[in-house]
Each structure stands twice: as structure tokens, then as C-alpha cells.
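Written out below as C-alpha cells is the structure these notes cover.
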Amino acid sequence: MEKITSQDIPRLFTRLSEVFAAQKEALITLDGHVGDSDLGLTMAKGFAAADKAMADLGDAPIDAQFKAAGAAIARAAPSTMGTLMATGFLRGSAAAKDCDALGTAQMAQFWVAFRDGVAQRGRAQVGDKTVLDVLHPIAETLTAQADAGADLTTALDAAHARAVTALEETKDLVAQHGKAAAFQEKTRGIQDAGSTVAVILIQTFAEFVQGKS
Amino acid sequence: MEKITSQDIPRLFTRLSEVFAAQKEALITLDGHVGDSDLGLTMAKGFAAADKAMADLGDAPIDAQFKAAGAAIARAAPSTMGTLMATGFLRGSAAAKDCDALGTAQMAQFWVAFRDGVAQRGRAQVGDKTVLDVLHPIAETLTAQADAGADLTTALDAAHARAVTALEETKDLVAQHGKAAAFQEKTRGIQDAGSTVAVILIQTFAEFVQGKS
Amino acid sequence: MKKFINDPEHFVDEMLEGIYLAHPEVTHVGDDLRCFVRTEPVPGKVGLVTGGGSGHLPLFLGFVGHNMLDGAGVGGVFQSPSSEQVLEVTRHVDQGAGVLYLYGNYTGDLMNFDMAGELAGLEDIQTMTVLGRDDVASSVVGEKHKRRGVAGIFFAYKAAGAAAAAMHPLAEVARLTQKASDRTRTIGVALSPCIVPEVGRPSFQIGEDEMEIGMGIHGEPGITRKTLTPADPMVDEMMARILAEQTYDTEGDVAVLINGLGATPLEELYVIYRRTAQVLEQAGARIKHVFIGEFATSMEMAGASISVLQLDDELEPLIAMDANTPFFKHIAR
Amino acid sequence: MKKFINDPEHFVDEMLEGIYLAHPEVTHVGDDLRCFVRTEPVPGKVGLVTGGGSGHLPLFLGFVGHNMLDGAGVGGVFQSPSSEQVLEVTRHVDQGAGVLYLYGNYTGDLMNFDMAGELAGLEDIQTMTVLGRDDVASSVVGEKHKRRGVAGIFFAYKAAGAAAAAMHPLAEVARLTQKASDRTRTIGVALSPCIVPEVGRPSFQIGEDEMEIGMGIHGEPGITRKTLTPADPMVDEMMARILAEQTYDTEGDVAVLINGLGATPLEELYVIYRRTAQVLEQAGARIKHVFIGEFATSMEMAGASISVLQLDDELEPLIAMDANTPFFKHIAR
């Protein structure tokens, strides 16, 4: 699959919904270390709602699809990550305006907008041990891949690989935001829960275009 | 020891206090089946207070000693059994008025008064699965022993033996009073907690005159 | 045992010290912290005295205050106060109009209040007694005199407090209080036991999937052990016990109390109330007054009880009246 | 998981149904049960809106009522309400005098209230925001902006409610509320975790002899785990954290809140208050107002928190003012 078209998007969200349902318990446990154990619920609910919104939408352009997904997540899962994901999809929707399909360049624009939306909404800096610490390298990698003319599969695989490393690196950081911030130095050594969600996101995108799913 | 004198009484209460302290956990457990688990506390506290009252009293006649014990138990342990024991000692004190020492006859009078006091205060009938079901045979046995001219050791041993049987027989009864009454038929098969206290009482008296203690 | 306490033996007295420090409107008679009374008595009013073991807050002492009770004998955890203590409280609250004793139907309390009443009589203080015995689980129907008093005594307190505040004489206060008591039914359910500080271990064991219907408020096990069900069928089963003894065809106005036993979140009490209200409506009742929260606890036991008072024209205004104690505030609509 | 619930997914909405059935003085906007508002708005008054996750009753919605707040966005258990819901509530409570948002300093809530505020602004509804961030355990002194809001937000509610009732304009209500928030310090301790219904298992494990100092109110583990001590030394250690940030030499009047986290018996809260009062007196403070009970819970967590508000001449009368909500009644002395 070298491009994602509006026909593909509903299947992508079905897949995201399945993946987050499967990861529910693991994310609950992860959020339990220095958080309130709800991340698994939030993500499972949010993407189930997005999937349903997609089904209700019928035929629609890509930006409308992303917009509906964002709005559904905002309504269904208004926790920190739910709200940030919602913001990401809404901003990504704006970036995908008038796109018939998402190739590497459009995909890069989508994730840049996604990252910028999250950064603005959450007011976090890269290095603050948040989801931004994975979203930022994803956006950077995709931009570089687009500049280098890479195809979508290659670009997303590279972004995914970079995201995995970035997630690992969140262990060295000290949380500055969210419930984890109260734990200060104790968060060192613990992988950031929100960043884990970002890796799952990009991995699902990558696997989707590879046709693995 | 063929008679209990006023010099003996403080040691008897010290012994009672020790015995009930040792039986504390067992009585808590027993009261837990169909009650509120406090019987061990009540008895340990009540008799510790009686022992202390005895020590504070100095030289005093037997009736004054029992009276002080009853008053101390009433203050320190006003649960059902504490109040009934207090009543028993207060009534026993009246029966022992002007006694220099307790021989078999006086001992019988003491326990008859003790039983009558408990019966009146608690308004229970024999067979209602209460402490009365052991106090009653104790009083009867001692009266018979006194009529037969038995010495104090023999009489108390007989009363103790009868009490042990009576306690066993409480298992066949259905509780009509106290917290256990709510459990109705479920109390069948369970040994009455208050009756267990009465056995401990008479056993300690018996062992005391045997000089075992 | 995980509790915020110091020496278990000082638990009750330290709790009372905290209460007296926090609430100047209540105090104790003489040196005995456990003789709990209102700081400002109401001249000429019938005195209302309750009492019982500690570990049930706000029961018992928490209902001493304006338009409610005048004094309470405070026992050790789950233990009766002594007759001496009840007598002290009686003497203090008597304003010449006599004193009503109002407490739960438990042998220890009965004997001590009776003794105190006899002694008060010798001092020309008239006393009368009304017992709380609302727990439908604790006896079969014909044997109501054997029933335990549980959370429903709150309605009797409310009625007594309002009747005495209206300056009715002792016999009339007793009559109205007795009526409130007679018309109250309670059924409880527990999910976990509790720990008496001086005992240090749970009073009974219960499985991860079990509930006790008809538990007492002293950590005694429940009358019937069952598999835990969702809230709605559980409420249905509980309410069936109450509906077996109350019909609302002619007298349909009721007051409802959903009481938490200690550890149960308020959220869950509202889930229980939701169903209770549905069941009562179905049965033809009209809910005039609702009280939801902790009224009679059993330390940190997880559980709840439902009480229904069948109102009439006499009782309704008594339940409606304002009240203000350190632990209970009722503002008339 | 032993809870009185039906389907965990319906827990919040069924609880809300129970609340609306019980308390006609509160209602919801349109069809969404989670947009919680007073039934009778006060014309011309600044609207006060709070919100946050469920599982904290009486927080948050329990403080909506007379002389208190006007509305609350109700989230799932420990989840923020959505910006849409906050906006609905905002529209409903606005009486032309603007709306003050007052909630705990949590990222999820912050983002959703900010979004709602932006959208309200487009509809010409003026909003201002004050955050509760009273938890001294959740950041070092210089970083107060990072602190979590816990039970101490109650004082800010009380101040905001009284200030708005006095018909002050929005900026003045916000100033007084901010002052109450700035002068409040809270420290908590937990003995057990809690279970979110949809999760079904405890949020953390804790040993039989351990306590968590500085726990949050969302089942997150505490900042420092220690061996459980008797109540008095525990309170001393907690109060040391507060006294490190408050001195009472010149401003010695305080209001104190002893808050139960859910499962802790009221008796134990009074044992804690007893020592807290001793420590404060020692430090030269005069306790003008005391609140003891459950104000901000974490489901069935066993634990407690101590909050101290340093009063001044402006704040004292606001804390003193009468209040009446379905969950909180304050009668001025």
C-alpha cells in the first residue's frame, strides 16, 4: 500500500480499536506505576468510539474522517491522553485538508500537525517525559523520509523504529507533567505510559500500510 | 482448703484475672461465631479491674470484697456478660453477709444468689442458651452437696464436673437472648460463649480450694 | 490491623477528646469523657438519652444536638456504657420533665439502661424507654421484640428530637418515638468484616464473591451468606424483606435511609438508592424524605443498609423538622 | 472486586440517576446526566463551575448548591469531563456575570476546561480559572504550580461560593478564591489502594505494616512509603510538612479540614484531629473553623488528609457563611 485513501481509513481505525482493546490491561498496569491506572480504559474507549464514528460517517474525505475520529475520542475519553489524541487527530485533519490520499509527504504533514497540536494543548517540551517525546521523533523522521523521497511503507517503518528507541529513552527522563510529575525523581527508570501509546499508534499505521493487518 | 476466708479472696481474684487473661483470645473467637467477638476483652478487663479493686480494698470482710469486685466489673466491662457477672457478685455478696468464711453451705448460698441475680437481670429462662444454663446446675449441685454434708473441695469439684456437662449440652439449644438470638437455628451445634465463662469461673474456684493454683 | 490509632486501649477516649476539641457545643459530665451531653440544655424540655458502644459514628453520640438528643452514654468499641455512666448523663440532662431512653435492643445496653433508670427513679427522675429494633433480618415476624436495633433508629431519634423540641410531655414524646420505631424496617448487607482495635483481627471471614445479608453492626456475621450479585437484584432481595411487612395502599408516604457501614463509597449508596426508589415506587410508596450517607457504621466494614419508615400525619412533620448536631445537619425544605 | 454496582460501565450514570432521584435541587443540562447543575440559578450571580472525575464523592458535584457552586462537569471514574460537557454547564450557569472555573490541577481537566473556556469566550461568556493545588507532597516548595489539587479545594469552594453569593463581580470572586487556594496546604496518607470499577483490580499493592505518605486521590501510589506508625507520630510528620510552609506568628487564625479517603472510620479522623489540634496550638495557631468527615474520597481507599487554610479578615467570613448542598450543610454559629 503506497498511499492511504479514504476507503482505507475506516479499516485503519478498526485495527486501532482492536489493538488498543488488546493492550488495555498492559496500559492500565503501566499507568499504575506513577499514575491512576486508567490509560488502558481511556485508549480502548477512545478508539472504540472513533471506530464507531467512522462507521456512522459513511463515505467522506480523509480530513472529515480524522475530524470525526478526534471529536469521538474527545467525547468518549476526555482524560489527558484522550484529549491529546483528540487534539492530534483534529489538527492532523486540518493538515490533511483536500488530500485525496496520504502518501509519505502528506503522512509527514499529518504527524507534524499531530505533534504540534499535542505540544500546544499540553504545553509540554520535548524531554518532559510525555507522549511528545515519541511524537516529536515520529514527525521528524517522517519529514526526513519525505524529503528523501521514501515510499510510505519505508517511511512509516523508519518512524516506528525511531519511536521504539525514543520510548526506551523516556526511561532516563524525569516526569514534568501529568499525575507522574508528583513523583519527580522516582519516575526515572519508568517508561512513560503516554509515549507507549504513541509507539502503538505509529506501529499500527506502519503495519497497516505493510498490509500485515 | 476447707473454707475460703477473707484473706484468700484477693488471691482468688488474682487467679481469676490471670485465667481470664489467658483465655482472652479463645473467648474472642468463641464469641465471634454468633456474636461480636468481645467476650474475651470483657472478661479480661472485668476481672483485672476486680483484682485491682481487691488490692485497693485492704482488709475487708468477704461480702465487702465481693461487692467491690462486682462494682469494679460493672464499671470496667459493661457488656452483657460483664454486667451479669457484676450482678452475680453483688448478689453473692449480699448472700455472704456476715460470713467469716465460705464453707460448702455458704458457697452454695453464694452461687444460688449469683444465679438468681443473673436470671433476674437477664430475664432468661434455663434452656435459653445463656450463662444461666451452667449457673443453674452449679447452684443446684452445690446445694445438694451442702445438704449431703460434702466438704468444699468435693462440692466444688462436683459442681465443676456438672458445669462441664451442662456446657456441652448448650450445643443442643437455640439462642433466645443476646446477639446470638438473631441467628436462631444456626446457633444449634455451637457452644454458648457465656456458659463457657461460667465453667471457667467454677473451675477456677474448684482449683483454688484444691490448692492447685 | 491498619488503623489510625495510638494505643488501642485509648482509642475511644482519644476519639472523644478530638470530638470535644472540635465541637464546643457538646461536652462531658464531670471527669468522665464517656458521659456525653449538650453544652446548653433546653430548660423544661424532656431529656433524650441514648447510648451504646463506640465504633458506630455518627451513631450514637453524633445525634446529640439541636432538635435531636441531649446526651449519650459512650461505651468501649461495641460495648455498652455502664449504668453509672447512663445515670450521670440522666441526671445532667433531666430538666424536670423526665428523660426518655432511646437505644438499640441489645442485652448489655438493656440491662445497663434499666439499672440506670431504676437508680434515677430513686432520685425522682422519671424515665421511659423506647428501643430501636428495626432489623428485619434478626427475627421472624412474630418475634419483633427480639429484633436488633440498627441504622433505622435514626428515624426514632429524629421523631423524638422533634417531639421533645415541641415541648411535649414525656409520655407523648415516648408515644411518638415508639410509633416511629414501630414503623421502621431495616435490612442490611455486608461485604467485609471489621476489626475491633483491641481485638486486632477481623470478626469473621468472607469470600471474595460472597455477601452477608442481614449483617449486624457489631462485626457479627450476617444471617444469610450468599453469592454476591449485582446491585439491582441485591436491592430487590433486600426490599422484598421489607415489603413483606409494609404495604403502601393506604399509607404510602415513606422516609428512606440508605446507610453506609463504613468503607462503602457514597457513589455505591446512590446506586443502591436508585434501585430502592424504583422498587418503592413500584410498590405504590411516595418517598417524602431521603437520607443517604453514614448514619450507623461498623468501623471500616464494607456494607450498606436500607431503612424505610412508613410515615403518617404525625410523624411526617417530625422527620421534616430542622436539626443541627456536630454530625448531622438537616435543613427543612 | 466487591462493590455494590451493576455493570461497571453504567456505574457513573446510575449513581447520577440516584442523586437526581434523591435531590430535586440539582439537575442536568439536557440529556447528558454528566452536566450537573443547580435547579434554580441565582440571577446576576457569577457562575461557579467545577468538575473532574467520579469516585471522589462528595467531591466535586457534592458542593453544588446554595452559597456554594453552580455546576459541575462529571467525568468517568478518575477521568476528566469533556470540554463539550464543561461548555454545556458553562452556558447553563452563566447569568451574564461570567463564570469562574475552579478545579484541581490535573492535565486532563486543565485541557478540557481551557478548551471549554475558549469556546465559551466565542459565545461572549467570560471565564476565569482558579486551580486547586494544595498537595504539599506533590512538588517541592518552589514548584507550587505543579502541585495536585486534593481535599483542600473545599476551602476554595467555600470562599468562592460565599464571595459569589455576596454578588461580587467575577474578578473579585476569582481574587478571593485564588487567595483561599493559595493559602491552603494539604498532606495525605493512605493505608490501602482502591479499585476502579472498570479496572477491577487494586491500583497498587501495599504491605500490612506500610503507609503511603502523600498519596493522591486517584489511587496513584503515595510519594513516600513508610512503616505504619501510631497516629500521633504520623500526624506530627504530616504536620511538619505543612508547618514548613506556614507560620502563625502574625496570622494565626486557621481553618482545618480532616478528610477521610473513603474507608477510614470517622472515629479515626477524630483521633487524627486531636493530634492536629495539639500540633497547631503548639505552633501558635488558633483554629477558627473545623471540618471533619469525607470531603474528597478515592472510592474505598483507607486514608486521610489534613488541610490547613491560613485565614485573614477577608477569608474568615467566607468560610463562616452558611451553605447548603445535598452533600454539605454548614450552619453558621
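Labels A, B, C and D are assigned to the chains in the order they are written; within every chain, residues are numbered from 1.
The rule is simple: a residue touches a chain if its C-beta (ideal position, glycine included) is under 8 Å from a C-beta of that chain, and two chains touch if they have at least 3 such contacts.
Keep in mind the model is a prediction, meaning the values are calculated, not measured.
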I'd like to know which chains remain joined to each other by touching when chain D is not counted. A | B, C
Report the chain whose CA-based centre is farthest from the CA-based centre of chain B. A
Centre to centre, by mean C-alpha position, how many angstrom separate chain B and chain D? 55
Rounded to a whole Å, what is the gap between the Cα centroids of chain A and chain D? 32
Looking only at which chains touch which, which shape fits best: line, ring, star, complete or other? line
Chain-chain contacts, ordered by label, are A-D, B-C, C-D
Help me check something: in the complex, which residues belonging to chain C touch chain B? 75-85, 106-108, 111-112, 115, 135, 137-140, 146-148, 196, 198-199, 203-204, 214, 216, 218-221, 223
Would you tell me which residues of chain B are touching chain C in their complex? 28, 32-38, 40-42, 74-75, 77-80, 82-84, 87, 121-122, 176-179, 181-184, 186
Within the complex, chain C is touched by chain D residues 2-7, 11, 14-19, 21-23, 54-55, 57-58, 191-192, 208, 211, 228, 230-232, 234, 262-274, 277, 290, 292, 294, 297, 299-300, 302, 304, 324, 327, 329-331
